[in-house]
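I've put the structures underneath this note.
After this come two complexes, each holding chain A, first together with chain B and then together with chain C.
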Partner chain A sequence: MVNLNTVRPKNGRDYYIALGLEGSANKLGVGVLKHPLLPQHEDGDLSFNCHAEILANVRDTYITPPGEGFLPRDTARHHKNWCIRLIKQALKEASIVNPSLDIDVICFTKGPGMGAPLHSVAIAARTCSLLWEVPLIGVNHCVGHIEMGREITKAVNPVVLYVSGGNTQVIAYSEKRYRIFGETLDIAIGNCLDRFARTLRIPNAPSPGYNIEQLAKRCANKETLLELPYTVKGMDLSMSGILAYIDSLAKDLFRGNKKNKTLFDPKTGEQKVTVEDLCYSLQENLFAMLVEITERAMAHVNSNQVLIVGGVGCNVRLQEMMQMMCEDRANGQVHATDERFCIDNGVMIAQAGLLQYRMGDVVKDLKETVVTQKFRTDEVYVAWRE
Partner chain B sequence: MSLNHSLKLEIPFQTAAQANIAKQVLLPDPILKPQDFQVDYTTTDNVLVVGFQSIDDRVLRVGVSSVIDSIKTIVETIDELGPETKELQSL
Partner chain C sequence: MSQDIVKKISSCLGPNIPIESVAQGAEAVVFSTTVHPYHPNAGTDKKYIVKYRPPKRYRHPSIDQALTKRRTLGESRLLSKLYLIEGLNVPKLIACDPYNGCIWLEFLGQELPNGNGFSNLKNFLWMYASKGYNPHDNVVKETLHAVGQQIGLLHWNDYCHGDLTSSNIVLGKVKDGWKAYLIDFGLSSTSNLVEDKGVDLYVLERAIMSTHSSYADDYNAWLLEGFSQVYQSQGSKGETKLKEVLNRFNEVRLRGRKRSMIG
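This part shows the complex of A and B:
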């Protein structure tokens, strides 16, 4: 039996407050989340419906110039510079006067992600925990996305498509674990889109692939798709080859390489393809691959719900394509969130961390708070679900 | 090769409790190459004492600067968010 009220709120309060700190990539997020203590949580699989109230959700993104990616060391420096300021701002927004009394648990991202940025946030989390004498909990970043998505959309048991700058996974819950049904074999989808954006010299803010999506919308020739490699391997995907190919097309386009018959008419030398066409075809191709493996996972676990999470999840075209697939299935539903929750944020870490905390999980020795770059979604024991 | 390049840092905090917090925060992180670089943290009263040993100056410099970066974050956290901070109460 799942009893989400295993650990009671501090100081006889009738609600829990969690502080969430996220900094696994170029976004630094701090969130404050409140869960009321509800009798129905004593016994029942209700972790998707905690009546969570978001008291603060602040974020600062380390933005690099167009054409450049973010490097671990510079990102870590950004997080160090902003972390304390953001925590103060979040506490202020949430009207928390005395963190020692008012916060039940501090949640931070333990992994996966870039080592240096994760570490700089973990240092701040440990210090706060010791200063305020508030327990700590390390959260898996992917589980954070899943739990926030479930709480916002109230999807009970969805197949989760987790698409971001660093991860591409199709996940479904089974026997106390979030199991990975399919994933990328090389680079993440957001990474693929971001790197293509770098080739095009367009910015990567606010979320991976956002500016490619904007260009793709302006594609005038949506009837003809460029032929790109379609690389679904069983339940897995490969995207590095697609990137290399479309990168070479873009470079030929910029150079005006008339020998390229895909881009230029061999007789007249007229340009047949625009940058917008490239963006559109790339999106259609990549998203079709995602939809295919998601549908297979749904059939396998007998689910009719899809939940899209992660930074690429705010892409409206991806949501549309997933919707089309779901409409062909009995009672198919797509759940997605907007940029506040899709893009990395502190609240999602607070949500997953608070669920862990309410089930009695807590850091007993600071040695457990060492961050890890590799931390697979299925390593987490999901105590809060049946 | 022996670890014969060394450095000792002494960082005074306002209280012994603060120095102790800093030590506890720094202790858990493992050293990536223990055969090339080692750190030990101790406190005497309100002073955090960090001893570094390394195989050469370059590794020493890199290791020391990363620990100093962490200490800066800890000091800022204590300064800005500690229970002694009056400002937080008035937010």
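This part shows the complex of A and C:
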């Protein structure tokens, strides 16, 4: 049995408060989370239902001009500029007057992610920890997503599809680890969409993937689909070839290369395919691959619940397709969250960090707070689950 | 299983073919029937397997049709080639309808004695691990040798199964023992890469460890003995190839799935 109340809250209170700092990519997020101290958590596998209360969830995204991606150096500078302001704003929203008395633990993203942005946020976390004399916790970003998704949707033991700009994984829990059953062999799905958005030179605000989704919705001819490579390999998938191919199509389209028979009619020279068609075909193809590997994993581990997390998880079309797949399986259920929790945020780091803290896992020396760009989901020992 | 799928397959098989569901995987549904697809006088004492890939509502119809056709056809081609290899036991391909995603196969296996279920390797090993049986019985050892030989033969001919588990191996009773058949070639491919073969063996080892954990060490050792026999019987060339495969197998085992992610 798991006892989530091993470490008692500070100053004899009956609740825990955690501050979460996230900055592994171009989003800087600060969240304040409250867990009540409940007797049923003393024994039982209830980590999916902590009755968490979100006191603050603020985020600032570093947005680049159309056609450009975010570079580590510039992103780190953005995070350094905004970190203090966001922490102050979050504390104000959460009505925390004296952080050294009220906050139990400070959680920050240890990895995986881009080195420079991770580092700038870790420095802020260390500074706050020393300033307020509050313990620190380094959190795995992927585990943060999973734990937040479970807390919000109350999914007990789902197969997790984690889709974001840097990661594409199908994960299921088994014996104290979140095990990776399938993943991308090259680039992540969000990366694929972002880079295609760059080729199309569409705006990066609010996010490139969202703009592709809107373009795809406007596709006039949904019956015909451009044929793209379909690269599922067992429970893994590969997306770099699809990106290279659709990129070349988009470039030919902009250049008006009439020799390309898929885009232009060879006799009349009339344009057959629009940008909207390209977006629609890309989405349909990529998401079909994702749903297929998820279904394989579900059959493999005998589960009927799916939880979609990560930035791409906001995509309504992906949620719709997953829903259809689950309806065809016995008692299938889909759990998804909205953009507040799907997209990187500080609260999810606080949630996973607080669970770690309640199991007694804290940083004892600042040496342990070194961030790492490579940090596999299955490296984390999940003490808070059966 | 949803009634929908049964309706769909009935509509593409026609009205006169009774079907009974056997198993459901992620991609395909397996049925059994007593009617031969194009030999009406074959009699009803024989059983046949119909493997059906139902259309998936979630993906675009054009993706779905292309995939179903490609996969059904690929599996059928592979099966027909494998059937010609001497000594290799795979189900006989009877008919194939790539546009509807149906494959007809010969029915293999039977019921195990004393209500121990269908005679795949999983149930067989569970039966011998249960009360009243001896898990180290000579029959078990010989059967696992036979299974290992089948896998060895597959690899020696440069094919990889892709999804080796104890439920994808069917046993058929012969006079004084069990004959092993490999089934479900949905993820199979031709490959002469040592890596693919090593991964194939690793997948099987993991499957045995997770489903038959108490005696997994013995089982795996026996399987590997059978596997090695095939290569060793091919002389010195076989010996070198065997060494390559087994070395890579050990490498894969050490590596596990600890690939690091970049990007």
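Quick note on the criterion: the second predicted complex is superposed on the first by the 384 of 386 C-alpha atoms of A that agree within 3 Å, B and C clash if a C-alpha of one lies under 4 Å from a C-alpha of the other, contacts with A are read in each partner's own complex, and residues count from 1 in each chain.
The rule we apply is simple: contacts are C-beta pairs under 8 Å (C-beta built on N, C-alpha and C of every residue); 3 or more make two chains touch, one makes a residue touch a chain.
Quick caveat: nothing in here was measured; it's all calculated off a predicted structure.
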Of the partners chain B and chain C, which touch A:367 in the superposed model: first, second, both, neither?
-> first
Determine, under the contact definition given at the top, whether A:92 touches first (chain B), second (chain C), both, or neither.
-> first
Does the superposition put A:234 against chain B (first), chain C (second), both, or neither?
-> second
Now for A:120: first (chain B), second (chain C), both, or neither, which partner does it touch?
-> first
Touched partner set for A:261, first chain B, second chain C, both or neither | neither
Does chain B (first) or chain C (second) touch A:324, or do both, or does neither?
-> second
Mind telling me which of the two, chain B or chain C, contacts the most residues of chain A?
-> C
Return first, second, both or neither, reflecting whether A:84 touches chain B, chain C, both chains, or no partner chain.
-> first
Should A:299 be classified as contacting the first partner (chain B), the second (chain C), both, or neither?
-> second
For A:180, select first, second, both or neither according to whether it touches chain B, chain C, the two together, or no partner.
-> second
Which chain A residues come up in both lists, the one for chain B and the one for chain C?
-> none
The chain B residues in contact with chain A across the complex are 21-22, 24-25, 27-30, 69-70, 72-74, 76-78, 80-83, 88-89, 91
Per the touch rule above, chain C residues touching chain A in the complex are 1-2, 4-5, 24-27, 56-60, 62-63, 66-67, 162-163, 187, 257-258, 260-263
Show which residues of chain A lie in contact with chain C when the two form their complex.
-> 112, 166-167, 180, 183, 186-188, 191, 224-225, 227, 230, 234, 284-285, 288, 291-292, 295-296, 298-300, 321-322, 324-325, 327-328, 330, 374, 376, 378
Quick one: which bits of chain A touch chain B in the complex? Just the residue numbers, please.
-> 80, 83-84, 87-88, 91-92, 97-100, 119-120, 123-124, 126-128, 130-132, 366-367, 369-370
